[in-house]
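Structures for review follow.
What follows is subunit A paired twice: with subunit B in the first complex and subunit C in the second.
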Partner chain A sequence: MSIQQLLNGVSLGSVYALIAVGFALVFNILKFSNFAHGGVMTLTAYIGLAASLFFSRWLSGLPLFGATLVSAALAGAIVGIVLERMAFRRIRNNNSPVIYYFISSITMGILMENIVTIFASSTFYSYPKFFELSVVELFHVNIALTDLLMLVFSSTALMILLWVLYRTKIGLAIRALSFDVNTANLMGMDSNRVVMATFIAAGILGGVAGVFLGINYTLYPQLGQLIVKGFIASVIGGLGSITGAMIGAVLLGVLEVTLISAVGAGIAPVFVFIIMLTFLLVRPRGIAGVIVQEKA
Partner chain B sequence: MLVVENLHVSYGHIQALSGVSITVPQGSIVSIIGSNGAGKTTLLNTISGLVKQHQGGIKFKGQELGWVPHSIVQQGIVQVPEGRKIFAGLTVEENLLAGGYILRDPKHLRSNVNKMMELYPILGSRKHQQAGTLSGGEQQMLAVCRGLMSEPELILLDEPSLGLAPIIVKSIFDLIGQIRQQGITVLLVEQNAKKALALSDYAYVLENGHVTMEGKGRDLLCDPAVKRAYLGEKE
Partner chain C sequence: MKFNNKHLVLAMVALFVVSLALVGCGGGSGGGGGAAKPAEMLVIGSIQDMSGTTSVFGNAVTRGAEVAIEKLNAKGGINGKKIKLVTLDTKGDPKEAINAYNRLVDQEKAIAVLGPPISNIGLAIAPIANSKKVPVVGSFIDPRVTVGQDGKPQTAMFLMQPSSVQYAEIMAGYAVEKLGLKKIAIFYNQSNAYSVSLIKPFKEYAESLGAKIVIEEKYTKDDKDYKTQLAKIKESGADVLYAPNYTQELVILFKQRKQAGVNIPIVDGLDLAAPFAQNINDPEAADNAFFANNFSEKEPQLVEVRNAYKAKYNNEEPINKAYLGYDKIMLIAEAAKKMNSTKPEDLIKGLEQIKDMQGATGVITLSPKTHQPVGLSMVIFKMEKGKYIEVGRYVPEKHKKL
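Now for the complex of A and B:
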């Protein structure tokens, strides 16, 4: 494997990590797989597109790219808030069974996908070309500029998230609540606020991921189904572990790039699924079962 | 300080508390003894706002307490739950920090963490260790210290001596005495009736959701019915 391929894989993996971590955050605190996260990514990808068209009147290059990302991230935060209030708060306060969460999250995912379909399905959209340059040379290796930006911005977003989780009070509350809601309440933590903060964080990550997916794959209403990548990464890394999800995602990115060059894009997904199933059968705890023991 | 009046709690069809009234005066240690399933934990959880479907009044310092758990903590009532319930995957230090969540001032929070680590040096030497790796006794100490972090006026302790060796039980009861000396009021739930009654100013016996007996701790200790049922002594 060339260094170039490795870099491609790692930067693809960093976007998968955004997806996987956004997914894992909600999984940890409410103990269900939030498939509405796919809808969040679709919606924010289109909102990011609208923002990029809007801001392109005044900005270009990196500032335009930054403005697009920030808009999508903000939109993601807002969608997160709405989602939590509309879809989950009631069932949470009624101590409803997990199945309610599933139904609610899948319904919201479909709803968001359909909203996008109504407004945007008939036209083919893709993000504007942000930069003149498409390839940069770094340490004597050619790397696509979008790959580099994906890597830089995704890692930055994840670093900020880790900082919040491990260095701030609300982060501590998110982790405490992930372990035990009742006991966290007994410490004076307000579940509503903490869960809301979690959805905001997940929404922001979803927004950033949405833009990168849109740039990578062009826009279509089912874009959010790439949530599957985040799910696979979580399984490989260890469901419920933030750090595990990151490791799993990078491995998945590298694996995909390697497989595509080895067996072709058509068959590569088959191998990926086989690997995931193997993990589920042989090592359901994922890699993080040994490398990282904490559960965030 | 705390007045519970005619409290009824049911879980669906199961009636857990039927008309329980207790009073906890400021600065005292009041204990509640009773066998498994008597409703002791239910009583504490209702006071803390975790169990919401109740009838009857709970007043704290003359005011209705409400039913929102985090606001009850802010009013100065903290519960150390049954079975310790430490956050196993967080470090010892993070557990203490979580206990002080409602403190606004970071310096205040930090100085309280340091106080706890002075009180129990083991918490200091293990501060970066995951709390789940502590021994049962150490976890119980951590749970109580975590409860003290936010400087409550009233602390509710649910079976703090459960499953601990006699020597550690003794240090837990010593700690409860110290807590009272600091001016914190204690409502203690215990199966270890002998130790609890000896330490308490006042005590209630709870059976099947009813208060069947109450009195000064020392008086109950000598009561023949209590001796028979809870102290395992023959007459």
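Now for the complex of A and C:
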């Protein structure tokens, strides 16, 4: 495999990583697959587009890109809060089974997709051109600038996230909660606040991912369905493990690129799903090996 | 606590009933306008993608058709009866399209149905339309939609723009005969009947002209990253890329062609027509491409439709599918006039006899043997730095001999 293809794989993987990390974060605590995250990405990507059109009156280039990203991330945080209050808090307070979370998250995902369809029509949109340069050439290998940025952003986001999780008080709380909700509550922790913080973080990641997906793949209401890739990456990497999701995503990207150039795009998904099934059967805890059996 | 839950359940049931009633009323008032004089109104059905990924096309066809209906109704409708268009949303899904066709025929008593510009849907509804004998006039260019595997025409299915065979030959001819490019790369969506149907005739005609297909790469519906395939195309040393796919996928392809550094021209279908270049939002990526469109912007019959369209829809610029929608209605009206009847079965006979009808997109003659138009030429456009340049009508050598 050529270096060009390997790089393509890593850059595709970094897209998946951005999706997978937001997805894994919620799984980490509430132990369910949050498919509403796809809806969050779509909604925030559109909000990002609106922001970029608004700010383009005064800004251009990198500042415009930064403003877009920040707006989408803020919108993501707000959507995260609303989502948690509307869809999940009541379920959690009632100690309902995990399947309720799952249904609620899928419903919210579809709802957000349709809200976007109603307000922005189902036409696809493109983000304005942010950078003069779109390709970086190194040693006869082409790297798309957005891919490079995405790689930088998803690794930075991951670093920050890991720092928050392992070096701050709220991070400790999140980890404690993900280990045992009841004990954490008995110790006097406000689980609502911690869960809220998790959804805010996931929302911010969703916003950033949404903007990047929009720039790379155009904006359309079904954009959020790329969440499936994040899900596969999470399964390979280990559901609930954040580093695992990241590793799984990059592996998935490289795997897809390799399969596409070896067997063609038509059959590649078959192999991807076989690999995912194998993981679910043989090693459900994924590469990272976090044990989340109690509730999954 | 128990009491509360009961109340909650009751409230939810009430909410459900109320929302059902609201939806019912909404539908009722919409239909109510038409129900005022059901006897005189003729219904032409339309199954279009109004909210899915190809809804840009669906909306354009619908609006073009509305313009045609307004024009016909102003002159007294079809055979003295006013017409109304009932459009059902398919979301681009063949299953939804089948339901929609059945509902239009069985409940709305549609005399004819406008098909979508989507070949997958054409293939799905053909058997049902054949048995119900209510004609579908569409722009699905896969020839299998209109001609069955036995070589006989599909009774109720009609195509009103060049079929994929004619179309692919025009593009292959242009690339090889006019541009002199003989090392061809092909890249297409293998889960899309439209794309697939444009591949074989292109290859056959290009190869008959002495060109060589150096690489053939595919992708499927959900793929959004084509850089892997583009890298292989770059390595293959091809000097032209043929990529007959839907618009949104082409926007991504054009952007990634630039990112992957594949600096060869793209030869393509009318999916590149305006507003494609604006959608890319990057004049350097929207560059170096040739495509065949159904019509020239300058022709007078088109200008008339365009002005009517803009007057009706807030100065919105119609896209090419809007003119197809307009012509679909005109074809149905012409068939009704020919047979002096509006029965669906008579319309099928009438459509088979359409000859030299001046439509917005050209002069249309439908062949009774294939239910496809005969001898429609196409207009070649060039895309350069985000701008369109009209090159002129082009007929490949083979079509001249016919």
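Note that the second predicted complex is superposed on the first by the 284 of 296 C-alpha atoms of A that agree within 3 Å, B and C clash if a C-alpha of one lies under 4 Å from a C-alpha of the other, contacts with A are read in each partner's own complex, and residues count from 1 in each chain.
We take it that a contact is a pair of C-beta atoms (placed from the backbone, for glycine too) under 8 Å apart; a residue touches a chain by one contact, two chains touch by 3 or more.
Treat the numbers as computed from the prediction; the structure is a model and nothing was measured.
Of the two partner chains placed by the overlay, only subunit B lies in contact with A:Leu172; subunit C stays clear of it.
Of the two partner chains, subunit B is the only one touched by A:Met189; subunit C is not. In the overlay built on the shared chain, the residue A:Asp180 is in contact with subunit B alone; subunit C does not reach it.
In the superposed pair of complexes, A:Phe124 makes contact with subunit C only, with no contact to subunit B. Counting residues of subunit A touched by each partner, subunit B versus subunit C, the larger count belongs to C.
No residue of subunit A touches both subunit B in one complex and subunit C in the other.
Per the touch definition, subunit A reaches subunit B in the complex via residues 169, 172-173, 175-176, 179-180, 182-191, 293-295. Interface residues of subunit A facing subunit C in the complex, by the touch rule stated above, are 2, 4-5, 8-9, 11-12, 15, 117, 121-129, 134-135, 137, 142, 144, 147, 216-218, 220, 222, 225-226, 256-257, 260-261, 264-266, 269. The touching residues of subunit B, when paired with subunit A in their complex, are 48-50, 69-70, 73-74, 78-79, 81, 85, 87-90, 94, 97-99, 101-102, 130, 146, 150. By the touch criterion given at the top, residues 50-53, 55-56, 190-191, 217-220, 222-225, 227-229, 231-232, 235, 247-248, 251-252, 255-256, 258-261, 279-282, 284-285 of subunit C touch subunit A in their complex.
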